[in-house]
Amino acid sequence: MTMFEGILLTIVTAATPLLFVAIGELVSERAGVLNLGVEGMMAVGAVCGFAIAHLSGSPILGIFAAILGGMIMASLFAVVTLIFVANQVASGLALTLFGLGLSALIGDAFVGIPGIGLPKIDIPGLSDIPVIGSLVFGLDPLTYLAVAITIAVSWFLFRTRGGLILRSVGDNHVSAHALGYGVVRVRFMAVLFGGACAGLGGAYLSLVYTPQWTQNMTAGRGWIALALVVFASWLPYRVMIGAVLFGGISILQLHAQGFNVPIPSQFLTMLPYLTTVIVLVLISRNRTLLRINTPACLGQPFVPDR
Amino acid sequence: MGTQPNPAGDDFSKRLEGVATLSAHGITKDFGALRANDSVDFSIMPGEIHALLGENGAGKSTLVKMLYGVLQPTAGEIRWKGKPAVILNPAAARRLGIGMVFQHFSLFDALTVAENIALAIEGAGAMSQLRDRITKVSAEYGLPLNPDSVVADLSVGQRQRVEIVRCLLQEPQLIIMDEPTSVLTPQEADDLFVTLKRLASEGCSVLYISHRLEEVRAICHHATILRHGKVVAECDPKQETAARLASLMVGEEVRQLNPPEPVPDSAPVRIAVHGVSQPRPHPFAVALDNITLEVRGGEIVSIAGVAGNGQDEFFDVLSGEVLAASGTIEIDGNDCRRQGVNARRRLNAAFVPEERLGHGAVPRFKLSQNVVLTRNGTREGLVRTGVVNFLGARSIVGRVTEAFDVRKGTPDPEAAALSGGNLQKFVVGREYDRKPGVFVVSQPTWGVDAGAATTIRQALVDLARAGSAVLVISQDLDEILEISDRIAVISHGKLSTPRDASGITREEIGLLMTGVSDDGQGAAHAH
Amino acid sequence: MRIELIRRPERSSAMSLLSPIIAIVLTVITGFFIFLAIGVDPLEALYIYFIEPLTAWWTVEALLIKAAPIILIAIGLSLCYRSNNWNIGAEGQLVAGAIAGSVFPILVPEWNGPLVLPVMLLMGIAGGMLYGAIPALLKIRFGTNEILTSLMLVYVAQLFLDWLARGPWRNPEGYNFPDSREFDGWQVLPVVFGDDVRLNAIFVLIAVAVAWFVLSRTITGFQISVLGQAPRAAAFAGFSQKRMVLMTFLISGGLAGLAGICEVAGPIEMLRTSVSPGYGFTAIIVAFLGRLNPVGILFAGLLLALSYIGGEGIQIVLGVSDQITRVFQGMLLFFVLTCDTFIFYRVRFVSTRRSAAAEATP
């Protein structure tokens, strides 16, 4: 494997968790729910995945545990914001704090234990093709899953009736209610999906990216994924582009550190965060694009008349 | 829709015997302590255009929402073709064969026409098929639509078309229309009436909700009149005078306004707008195009027009919430185009926006705080060195509520706790209290009861008589014709030359509304 | 069974007062079960967590020391949140204040006179303000989401501090520890009370009093509320949204910066790679728990400081990770937000059978 291939591969592994989390949040935001708790859901997913994989010896079980963990966290958020119509921004922050704390609490017993990595899929013959072989056919199964979920979400949102209903709820919840659609039910499911995806993103970190558990191992990736959704103007395929872009930046700064570039490592580590700010500024300058794609009811509480 | 002949024929005087399409028996709906509908009985026959008349707040919308399954009755029974029916939700209503066109459209701005329609039809099938059906049905009923347009780009009239086509595609036996003409020009309304009559002739029933008596008398076969949630009368509207229908709705003879006196030409111009243009702030707004208008002291000038033709944008530019890009705006001779809303208030101008809650008043603020809202910069002692005198604001609340008979439960309640009519009286009264020299008011009586409307209109007339210039922006033609000295029409962000109210007909106003060019007086006659 | 919300005609003043208390009680009850699940005696744990810190004078002082920065920051955040500006980057503004305030004691250590502390404090405030101005200006100029930008800038500030403490500002005589030189003499915040309670406790009291007056009596406080509740009505009242975005970010950034320099010049007495255990985030909870009201925030800040001390105590005595503090804090915020719903809504429980007939949506 050449070094170039190696870099490309690590970019893909850095992009995958972002893609999982962002695509889940995209669905939730398309339904009109702004869940700022992704960082917390991701952390809980990471620790659940690691813990169950370690205890059972099966990374597959770990992945399911991560999904479940993310969904339980999401359901907390959904109950508070959808049933008790609490402020979504503040509730999301609460979920982040709660999730980071809970994951650290659970993970206390697992610090320093080597984890069980997920085996890569290796299709003999195909993965030996130069450059694209290992990039297209030699990845870990979760990366394929992330791409498959993105394609499925795109298809669901824009090609199915369910997706149409979900978008309608995010666009105008009063009208959707008047037509007889269960606004709260649709949103609840969208938030749960977001939680499942955030859990998967977390599991990717603790089972594939760096197979171990450390406190705060999400390192703001959940927040970057939130920014990715805005960057992508709520379109799934653009989330994929954005994830690779951000994955690339975080990997390049790692390699730059490895090559002893005469820039302090702290400044290189800042890059993904600074890039996020710059990208957000650039994207928010294009108001027309944002106005057309932003779900009109994003963050708005809904209480039906009775 | 069947093809049976119009059962009522052309003789509307007697109703057809037989099984009603839909009937309500003792329908009651309580919202907490409030009884919105009280034991309502009525029935709609096949092929009948049935008017549901009543003031705002009489319970029409509540009743209709129950028929469409949005709300559930507290007591009573709905029968569909003689059989008891529980309409659990709108989908169930649609399955029975009930369609509804909402007053405030239930459309999704970000979606296409076809997607909007697909949402309302269960088992809509493939999108391509649906698009074909939309094109076919819309052409058949004279309601042309492009299924791939995004709704945000459509005019208000086109949006209503989407709603109607959406209804028609479900082949309903009953169509409920909630105030359908409130957003249409008179000509568009006439087109709608043709569609409705055609539907009725095919045996479809129409429940037509309105408080516009003339149109009810023109097209409806039967009328049920609601007042305070109860049915007070049933009649054939063609056999009644408009005045009698009005008194049935209101419950008393309608109080007449004392009309304003003619304004001499020598009266000073108090607000003058010259060549004001303003690019649209966002893609879905309307640009203002070279607007010129003068209002003299002592006169009421009204701006008519269909919603969404630049009224909001013009109001914002007049009030100074948005500063116009070009032109001049003078209040009593002072150019204030680049000055904000409080500077204009200090020139003794006052403004009442269309939206009561959220624009004219903060819903969760007490009335006294809402007094401070518009009078914080008027240098009348409510704010001194940055400190607010809430006691002074409370005394203003007392004065305003007394003068305008604002009914409230506590001395200083939150704005949201007031009924629409009472809040509107407060919002108008708050400005009237300052005796403004220039008064700009948008939709002064939108959604308020007749009593409050009369109080508010009388205040406008009184203000003009005392020498103020009053500028009214309204979509209510009846109101405009009742109170105005001169009338202008806004269309696509352009304002027509104002005409004397005594010399203009509804039809002429209607032509101006549709944007027929207005190069000088009487140009509309050329068409 | 399902839950329906019914809008109250007016806010319930009883619930306004009760809501935080109910939230605290619910948190304690849930905490009971969490301790049970971890396998420690829940009553003992709750005692160590919530009661024991109040039984000794030195822990009460420790509590006040922790509460001061939290309350200071939360006061500023409450102005932001009231006006619907979501500054969640107070932690970064705190760091910026700590760095800016440390410029003189680190670069000009020989300057040690009575003027040095006021200059440090002012520079700390200015640092926090400037750092808070970045998301505000981006929001005003480009409409950029301030939630994400203010948070991203936290990471940037922390990394910058890390670089300073390990690199250029490291104490050359510090045996390679990533710390700056120790502040001394006039460079240190004086103790005003007890053994360790310093001048910033006075700043807290001033901030609470000023914020209370501004919010309840002045046109500025009025503007903040109108802008938060009804932006269109604010424009109609002649209030500038953009000015208020900048103003609230400057105030909250300034207070966070003050809290930052007070930590560095106070309990820590030097600049380190980390100067705050997350006060900027805890302050978010405090702001909401105090219902965005200055006096409420005072009490909420004390309570949350208690949760830090209690968390440390529980780690020492029972060996439970002090991360339980964050769990409690997040939970408390959840409960507060939920209870706040009852200020504006009544809740009705409906049996599932009736609700099926009464409501199309779940």
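Observations on the model:
Residue numbering begins at 1 within each chain, and the chains themselves are lettered A, B and C in the order written.
The criterion applied here is as follows: a residue touches a chain if its C-beta (ideal position, glycine included) is under 8 Å from a C-beta of that chain, and two chains touch if they have at least 3 such contacts.
Since this is a predicted model, take the numbers as computed values, not measurements.
For chain pairs A-B and B-C, the one joined by more C-beta pairs in contact is B-C. Among the remaining chains, B is positioned farthest from chain C, on the basis of C-alpha centroids. Taking the mean of the C-alpha atoms as each chain's centre, chain A and chain C sit 27 Å apart.
Each chain gets one centre point, the mean of its Cα atoms, and the points for chain A and chain B are 45 Å apart.
Averaged Cα coordinates give chain B a centre that lies 47 Å from the centre of chain C.
Touching of two or more other chains is recorded for residues 69-70, 89-91 of chain B. The set of chain A residues touching two or more other chains comprises 177, 180-181, 287, 306. The residues of chain C that reach two or more other chains are 6, 358-361, listed in rising order. Residues 36, 40, 76, 80, 83-87, 89-91, 93-102, 104-105, 108, 177, 180-185, 188, 215, 220, 223, 226-227, 230, 264, 266-267, 269-270, 273-274, 276-277, 280-281, 284-285, 287, 290, 303-304, 306 of chain A are the ones touching chain C in the complex. Considering their complex, residues 3-7, 38, 81, 86, 88, 138, 142-145, 147-149, 151-153, 155-156, 159-160, 162-163, 166-167, 281, 284-285, 288, 320-321, 323-331, 333-334, 337-338, 340-341, 345, 358-362 of chain C touch chain A.
Against chain B, the residues of chain A that register as touching in their complex are 161, 164-165, 167-168, 171-172, 174-181, 287-288, 291-293, 295-296, 305-306. Listing the residues of chain B that touch chain C in their complex gives 32, 69-70, 72, 86, 88-91, 319-321, 340-342, 345, 351, 353, 355, 358-365, 369, 372-374, 376-377, 383, 386-388, 413-414, 416-417. Contact residues of chain C toward chain B in the complex are 6, 9-11, 217-220, 222, 225-226, 229-230, 232-233, 235-238, 356-361.
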